[in-house]
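Report on the following structure.
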Amino acid sequence: MATRELLTDEDLDPAAREVFDDIRATRGTDRVNNFWRALAHDPVTLKLTWERLKVLMGPGALDPLTKELIYIAVSTANACEYCCHSHTAAARAKGMTDAMHDELLAVIGMAGMTNAIATALQVPVDAAFDVGQGAA
Amino acid sequence: MATRELLTDEDLDPAAREVFDDIRATRGTDRVNNFWRALAHDPVTLKLTWERLKVLMGPGALDPLTKELIYIAVSTANACEYCCHSHTAAARAKGMTDAMHDELLAVIGMAGMTNAIATALQVPVDAAFDVGQGAA
Amino acid sequence: MATRELLTDEDLDPAAREVFDDIRATRGTDRVNNFWRALAHDPVTLKLTWERLKVLMGPGALDPLTKELIYIAVSTANACEYCCHSHTAAARAKGMTDAMHDELLAVIGMAGMTNAIATALQVPVDAAFDVGQGAA
Amino acid sequence: MATRELLTDEDLDPAAREVFDDIRATRGTDRVNNFWRALAHDPVTLKLTWERLKVLMGPGALDPLTKELIYIAVSTANACEYCCHSHTAAARAKGMTDAMHDELLAVIGMAGMTNAIATALQVPVDAAFDVGQGAA
Amino acid sequence: MATRELLTDEDLDPAAREVFDDIRATRGTDRVNNFWRALAHDPVTLKLTWERLKVLMGPGALDPLTKELIYIAVSTANACEYCCHSHTAAARAKGMTDAMHDELLAVIGMAGMTNAIATALQVPVDAAFDVGQGAA
Amino acid sequence: MATRELLTDEDLDPAAREVFDDIRATRGTDRVNNFWRALAHDPVTLKLTWERLKVLMGPGALDPLTKELIYIAVSTANACEYCCHSHTAAARAKGMTDAMHDELLAVIGMAGMTNAIATALQVPVDAAFDVGQGAA
């Protein structure tokens, strides 16, 4: 159960309906997933979120699949159940193979481990990491 | 300041020294960064962590740069100051351009936003995301 | 399923029963929600938690509804499923309108975004934010 | 130190300069804080973030101060050092008194406590919290 | 539902099967829990994770039960539903009494509270906590 | 710098001064660490927090050192810089050896890893973990 009712197509006000139309057209599917149905109570946030997401997750300096992997990584660390599911599905739809998924999980796990150890140790940041000194 | 003293090369026991030698040889630099110096009190965890990291972050189903981007994403969501710095430096060393960095930040930010909204709404997971049904 | 059995009224020891009586009297309902039933194994923590919550969430320098909004914000960022549900229900009971809920979600989402970006960038804190200098 | 250089006014490209001009005009101060200077490398995200923030944090169904309190709450749970500082300063500038700050901290702390206990107990969500049943 | 199919014994490749055999032999039970079944798609990570866990969670400078309590604490703060359940079950199997569970929850809750308050206040670290000065 | 001024002994109101006296008497040291100095603006929360902490972290079903290890674990996962420092110092003062610290870090790291993997995989909880079925 959600903390806000999922809206059906019939429930939508015209501004939200327009966003749903664009989601359908962009994705080439009639299905609009639950995140948008729960967010549709607020057409302003719905529209801003969808339009930014649509552009941002498209091709750019990073390819769309890489962006989905990054999205899964953040969603995992934030323990967002819904987002782990939705973005794993999206990554698969964009070409994530099982081998890529395996490696993604291993990297996320490794980061979870070393993040915890570095934080527990409160390791001071190396001067060499400073911007402008070149990386290491 | 750290919760554990950073070890100098002189402080290392032989098992830790071997790991440091391998870090230097692998990375082609004499510098060993502070994370390893804080972890070197425990040569077993030091060795397991380094050896796994070395293999995992190399080429595979995902390329090394993509893995660093994923690492930054997790480190950010875990609020690990040290890891944000060290892996941003590593990503740059592996070819992350400013344009890629810009997009990485935008995706991490977007994920932070939709993760929060999806969690606050407690959006139920769509049946269509179920493994074996094909993604959407 | 919980990691600890939910206690029925019959299971309660006298100290826990007293707390349940006060929850019922304070809230004017016979229902005692699951959080207290799971916590009731430990009457000391039950009593301290309930009595502090009762006073703290009442009127003060901040009004009760504002406090519930803050509670939802923390619960979301901590990904506490139960608390997202229970405090959204509580906020509604204290007068949160749909329009307020919309804005709350938008602010929580925005904070999730800029928190992530600020952390990834490791932005140094402005001297002007220092206490005693006046804010900005 | 940041993972990205803080831009001075001289470094800005025209699109970023326009955003800085609007920040100054809106806030009535010449100072532009570090978050925007670190983000200014990417004028698109800079502009979208600022323009959304400007509208969202203004008056609405919730008053501007309440929104800042919510922002502090999220920033705390996300352990965003920069954001804890910047939004505490902003809340003070919008009228947060010491007594309000005291209560805010107490509520954030209480939520941190009950979030942890509810998660450790994996308390099942009460049916009564379901949307449409009225809250409790 | 998981983001990856849970493998049955029949699905396992030989390397994963060996790990399952060792899990069964080590734990003296035929049951292999879902975590390993979901991870078994990647025999390398499966093997490394299991073998490290087996050694690490055994007797050492800390006793096995204390390690499980620490594991529950981390899992709670990371909001890992699965891990809260699996490690609470493991702790009970290793001797955690109800009274110990009560205290564990109280300490986790207290830490959740003071963590939040210390972060919101951005309390500067006391010089006395520095390593080498002796603790306080 | 903190978001709230650290109070000196001269700044304290009588109720806060009483708490400081008890901190000093209980700990047998004249030093009162910064957390309490930042919290002292609110004598009510100061007193409730200190008095609960004093009792809770003393001997009980779990010994005081074990409780400090649990506290470090939570503080790490919550990325609370101050708390990582203060509770590592406290654990050392209560007898944590270097070998115990090594193991603590390894367990925290391992939990960080498997938490992340279990969340990314959204592993369904085994029926066998249900309370009342006996653990596994």
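We just call them A, B, C, D, E and F in the order they show up, numbering each chain from 1.
We adopt the following convention: a residue touches a chain if its C-beta (ideal position, glycine included) is under 8 Å from a C-beta of that chain, and two chains touch if they have at least 3 such contacts.
Note that the structure is predicted; figures quoted are calculated from it, not measured.
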| item | value |
| --- | --- |
| Selected pair, out of B-F, A-B or C-F, that shares over half of its residue contact pairs with D-F | B-F |
| Contact-richer chain pair [B-D vs C-D] | C-D |
| Most widely separated chain from chain C, with each centre as the mean of CA atoms | B |
| Distance between chain centroids, defined by C-alpha means - chain D, chain E (Å) | 33 |
| Chain A and chain E: spacing of chain centres that average the CA atoms, whole Å | 26 |
| For chain D, residues that touch 2 or more chains besides their own | 1-4, 39, 45, 49, 52, 74, 76-81, 84-85, 88-89, 102, 104-106, 108-117, 119-122, 125, 129 |
| Category of the chain touch graph - line, ring, star, complete, other | complete |
| Complex interface listing, chain B residues touching chain F | 1, 3-4, 39, 41-42, 44-45, 49, 74, 78-81 |
| Interfacial residue positions of chain B with respect to chain A in the complex | 1-4, 6, 27, 29, 31, 33-35, 38-39, 45, 49, 52-53, 56-57, 60-62, 66-67, 69-71, 73-83, 85-86, 88-93, 97, 99-100, 102-104, 106-108, 110-126, 128-129, 135-136 |
| Chain B contact footprint on chain F (complex, rising order) | 79, 81, 84-85, 88-89, 98, 101-102, 105-106, 109, 112, 116 |
| Partner chain E, residues of chain D touching it in the complex | 72, 76-77, 79, 81, 84-85, 88, 104-105, 108-117, 119-122 |
| Contact footprint of chain D on chain A as seen in their complex | 1-5, 48, 52, 125, 129-132 |
